[in-house]
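You will see chain A twice below: alongside chain B first, and alongside chain C after that.
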Partner chain A sequence: MISLWGDMNRRGQVVVALALLLLLVAPLGATRYVLSVLTLILYFVYVGQAWNLMMGYAGQLSLGHALYVGLGGYVSAALWVHFGIGPWLGVFPAVAVAAAFGAAIGWLGFRFGIEGVYFALLTIAFAEFTRIGFDHIGFVGGAGGLFIPYEEQRLGQWWNLRGSQLFFYYLAFALAAAAVLLTALLARSRLGYQWIAIREDETAARALGIDVFRAKLKAVLISSSMTAIGGVFYAFYYNSLFPAQLFDMGRSIELILGPIVGGTGTVFGPVVGAFILTPLGEILISVTEHLGINAPGAKAVFFGLTLMTIIYLVPTGVWPWLSRKLGLARRRP
Partner chain B sequence: MSPLLAVADVGKRFRGLVAVDRVSFTVEAGDIFAVIGPNGAGKTTLFNMIAGVLAPNDGTITFRGERIEGRTPDAVCRLGVARTFQIVRPFPGLTVEDNVVIGALLHRTDMAVARRYARDILATLDLFEKRDFRASALTLPDRKRLELARALATDPKLLLLDEVMAGLRPTETDRMVDILRGVNRDMGVTILLIEHVMRAVMALAGHMLVLHHGAPIAQGRPEEVVRDAKVITSYLGAEATF
Partner chain C sequence: MRSDNHFRPSRRHVLGGAAAAGAMLAAPAVVRAQAKALKVAVVLPRSGLFAAAGQSCYRGAVVTPKVLADLGYSVELVHVDFESNVDVARTQTERAIAEGAQCVVGAFESGATLAMAQVCEQRQVPLIINIASVPQLTEQGYKYLVRNFLTNAQLVGNGLRLVKDLMAATSVPFKNAVFVHANDTFGTAQRAAMDRLFPAAEMPFPLLESIAYDPKAQDLAVEVTKIRALAPELVLVTTRSSDAIKLVRDMVRQRFEPKAIISPGSPGLYDEEFYQALGPLADFHLYNLPWANAKSPVTQALAAAYKTAHPTNRFEVDCFNAGFTFEAIMVGADAFKRAGTADGPTLMAAVKTTNIAEHVLTGGPIKFDEKGQNNNIQAAVVQNRNRTPTVVLPPDVAVAAPVLPMPPWQGRS
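Right, the complex of A and B next:
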């Protein structure tokens, strides 16, 4: 970790330290609304980073990551609602279930050479099937949804994730920071280099002795496990789960936009992406409301146009460009 | 002493086409062994079978006493067989150094150790100054040397080189010959190479094999093989570049 820090140039260290400090003290000056937006941003940093490990580093396109959010959320919420098992314990089975699904997808895809867009289709198919399945599982409320009840006596039981907005903010902050750190460590590890080799050229990676199947499977396992923890957060933050919402493909897309805009395969891309897109979404909501535009999809159109502009201007993501502009990148001829 | 590599009666068919037809040869540890033959003779196919990319239809391949035919490329590499590709394929988005680090990480878990080793290899292959370049920014001769560096970083016992001289100018060829000699002598790596540039073959090879339409037509020491009438008519007369 020390070498991680030492690898950044002076300016990079200053910027990271300042950003951390700002986020730590943000609740002092932020309204409840701003704090909720910041919480959402940090949540997207976290799940975006999980997806980034798989796509940005290992080069495996998943368009079904909502599956892992949903599974993590449902498993932990059901354990709590039906058996009173708290999320700190419930997170383990939640991760195990999501990882099992990830393993199944990975095994199918990587064993039978389903690659690129076909692999992406497989991930969508799993998410969709699971959504339909959950619509019919009465134990978790089916299509009608699963709710974590509001209980007066449990308020403030932060160890059961029954905390205040402030508590969830700091939890999201810790998750996001941990995800960034984990990515930075993995990116410079042996496994990270194997992933990058596979992403760049699978045949050449194999010729250098890399067990491609194993390395890819590890990527899916790590990514799905991480995402499931995000699902646990989601469940206890929002307290209501609907299959049509959680497993929806739109959810999977929403989760990957941050890393794409920020820059896949970089440590800070998903961070920058989330800090651009989530506030942008909020601004568009209030602007369209102010202008009295009630046309359905107006927000989506503006959002889409903005995305297109960003991707047109900086095709490899905002972060690589920004870090060059700010002189944060290491020099490279 | 058993040979480092023994190829016995190996054959490969693609649908009707016989690409490699019952080829047998052995490579002793420490040797430089050349495979020559006109385009389409089956040389790359033969390499792909040794490297685990293709499984042979017939025959056996034995490396250090272990049967390796039909194993996967990564398993074969981990046993100590590294290869370069006829059409080079470095990792384009990575730096020259990181390309080699990935090879060095095969038998090294410590990143700093792997990086140091990668730099040593880059220095021997005249690529140290370009270590921070992106691989995609290199010229063809540099890319060929990068492929060689990356393969060497996996600590192979046997190195398979598929036309590493192709596309090089004579001075660059001479430099490559020097490098390969050094790799063979100083690093103790046995080399099996496919080559069209006869000048390089004659300078390097201890033994050679000539393939024609997938079948072996001559085998032995280079100076004996080039005198062989069949070789001269089928190959050397027409296409060889001295």
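Right, the complex of A and C next:
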């Protein structure tokens, strides 16, 4: 926390403090619609940050991160639906299962030297066969889905994640803030420096005495565990889980777009990315509607074009460019 | 120093000011509640995975205000595309309600519908489901939700009963059957319903096997080989349009000719792309679904408006999706007319007491049970004839007699 704060100059500190304050008081002035969009943004900040640790810092490309969202969501929801175990307790087995899958992927990949796009293919394969597996597990509803019952008597029970939109907003805010802090902490830790060394040159890192296998495995474990907590949030926010939706490749892409646009390997990249992409989608819906463009998919076309433009103009991500332009980072001697 | 003419607020002033401020703040809600036309958000998957069905529903929704106006109802529609994405369904429902929608209709897909149901419940805005068959939707205790559609179990139950009626009407018996289904959310739910209902339905033939397939598969040659080895006289199918095409193509390739291919309640066999891809091979397949009752004046009015608005589309093909979407909006409009207000709780109470005798689809009056489910929807047997869905049973709504067994693949023109 202190190192994150110290990395910013006075202007940067003011901007971050103001943004935090705005987010804290946003429910006072925001409509429920704006609040639901903000909740979604903060959720994407959280899961994007989890992915950023693995790809942005440790350099391990995962294109199947929806796997951990799905596992986290399914384990916690199944424990609640079948055994009445609340999500605050259910989150531990959810994290354990996701971490076990992460460890399996990591062990397979790193033990047998599967790297780069081949490692990415491995992550996709795991997400896909888990999806197919969940299609057939009757205990969690199979392809027909798992539903968390809507129970009027439980409304407002925040300890069972049965809260209102406002509760979920603050929960997403807390998760996102915690993820940013954890990333900042890890980035300045011994492990973080090991990840960066591996990302830049694995052979050189090994020559320096870094236990590459262990460091990369830690990245996968931390990232999968964090993402699973995002899955618990998703399950209790939407109250329905379908394998085809949750483990889908499209979901994985959705999770990683934020950090890519914002800037991988930076603490604030996933934050900026999520704050660009989700509102952009909503704005484009409004704009196409108000312009009377009644072609379905028009929004997707505009969205794609905007993304291409952003990536063309700032290929390393928006945050590094923005912090440079606004002079938010402390200049190093 | 104090001035004598300085304004000193009294308790009366404060109370008066508070009342005025309250009235100002409440004004939009009051105006909304007293609006002359019901503002309905029609939330559909008009792009993304379910775009074809969403577009079909949308075409029905577009012509609805005019048809309803002729029937004495007044609605204003807000069209929302949720892009087959649950996140978008939730946020866009919030937006539509924030912008004044007093009733929500949707959403074809069960996951998105559930996400919308939570928003509608919290905002006390009625959600009228046009199409979504997952039973849990009406089993979760939502107070602001009704469904004018069948559950999976009802779809399959009706479908099996009509197979018996079909056998009786044509005097063509089946010795055995195989059930082939897509391994997706809908297909698996239908499989579960089939496993439960087939033994209870006391069908006069055995179900040899249920065969699942991946709807994303390039072809269904392996599955058809399996079916062929079992030599069933009847193939029961739960498909989507693209895999229905693959299934029939592989049957033709392998020269496998059952007496009938019947869907006990699924799409696929009546989509425009199915007709275009298969030509004459698309004919004589049967599906047991609620269908537009051509003898109803409301259906005739909707069909006429549809043909004018969408000259390049066929109402006969779209009537299932378009009809259910129309009926869902009609339920809201009828409740609004009876309640005289769009105030959420009052409007919902009126929705719950709906009793619409004259409507588009086959079945009795639109009524909802205490859970919000309409149990009066009746399926019909529909057969493709000259690439047009044609109701062949029950006799009171049939416009042609069923053809069974279906003619061989060879020699069709």
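Just so it is clear, the second predicted complex is superposed on the first by the 316 of 333 C-alpha atoms of A that agree within 3 Å, B and C clash if a C-alpha of one lies under 4 Å from a C-alpha of the other, contacts with A are read in each partner's own complex, and residues count from 1 in each chain.
As a convention for this text, a contact is a pair of C-beta atoms (placed from the backbone, for glycine too) under 8 Å apart; a residue touches a chain by one contact, two chains touch by 3 or more.
Being a predicted model, the structure only gives us computed values, none of them experimental.
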* Of the two partner chains, chain B (first) and chain C (second), which one does A:188 touch, if any: first, second, both, or neither? -> first
* To do: Return first, second, both or neither, reflecting whether A:296 touches chain B, chain C, both chains, or no partner chain.
  => second
* **Touching partner for A:211 - first (chain B), second (chain C), both, neither** => first
* **Which of chain B and chain C A:125 touches, first, second, both or neither** => neither
* Of the two partner chains, chain B (first) and chain C (second), which one does A:203 touch, if any: first, second, both, or neither? -> first
* Asked: If you stack the two complexes on chain A, which partner ends up touching A:245: first (chain B), second (chain C), both, or neither?
  -> second
* **Dominant toucher of chain A (residue count), chain B or chain C** => C
* Structure fact -> Residue set of chain C touching chain A in the complex reads 46-47, 51, 54-55, 79, 81, 83, 86-88, 90-92, 94-95, 97-98, 110-111, 114-115, 117-119, 121-123, 134, 136, 140-143, 183-185, 187-189, 192
* Structure fact -> chain B residues touching chain A in their complex are 51, 72-74, 77-78, 82-83, 85, 89-95, 98, 101-103, 105-106, 109, 111, 114, 132-134, 137, 150-151, 154
* Asked: Can you list the chain A residues touching chain C in their complex?
  -> 31-33, 36-37, 40, 135, 142-145, 147, 149-152, 164-165, 238-240, 242, 244-245, 281-282, 285, 294, 296-297, 299-300
* Structure fact -> chain A contacts chain B in the complex at 188-190, 193-194, 196-197, 200-201, 203-212, 331-333
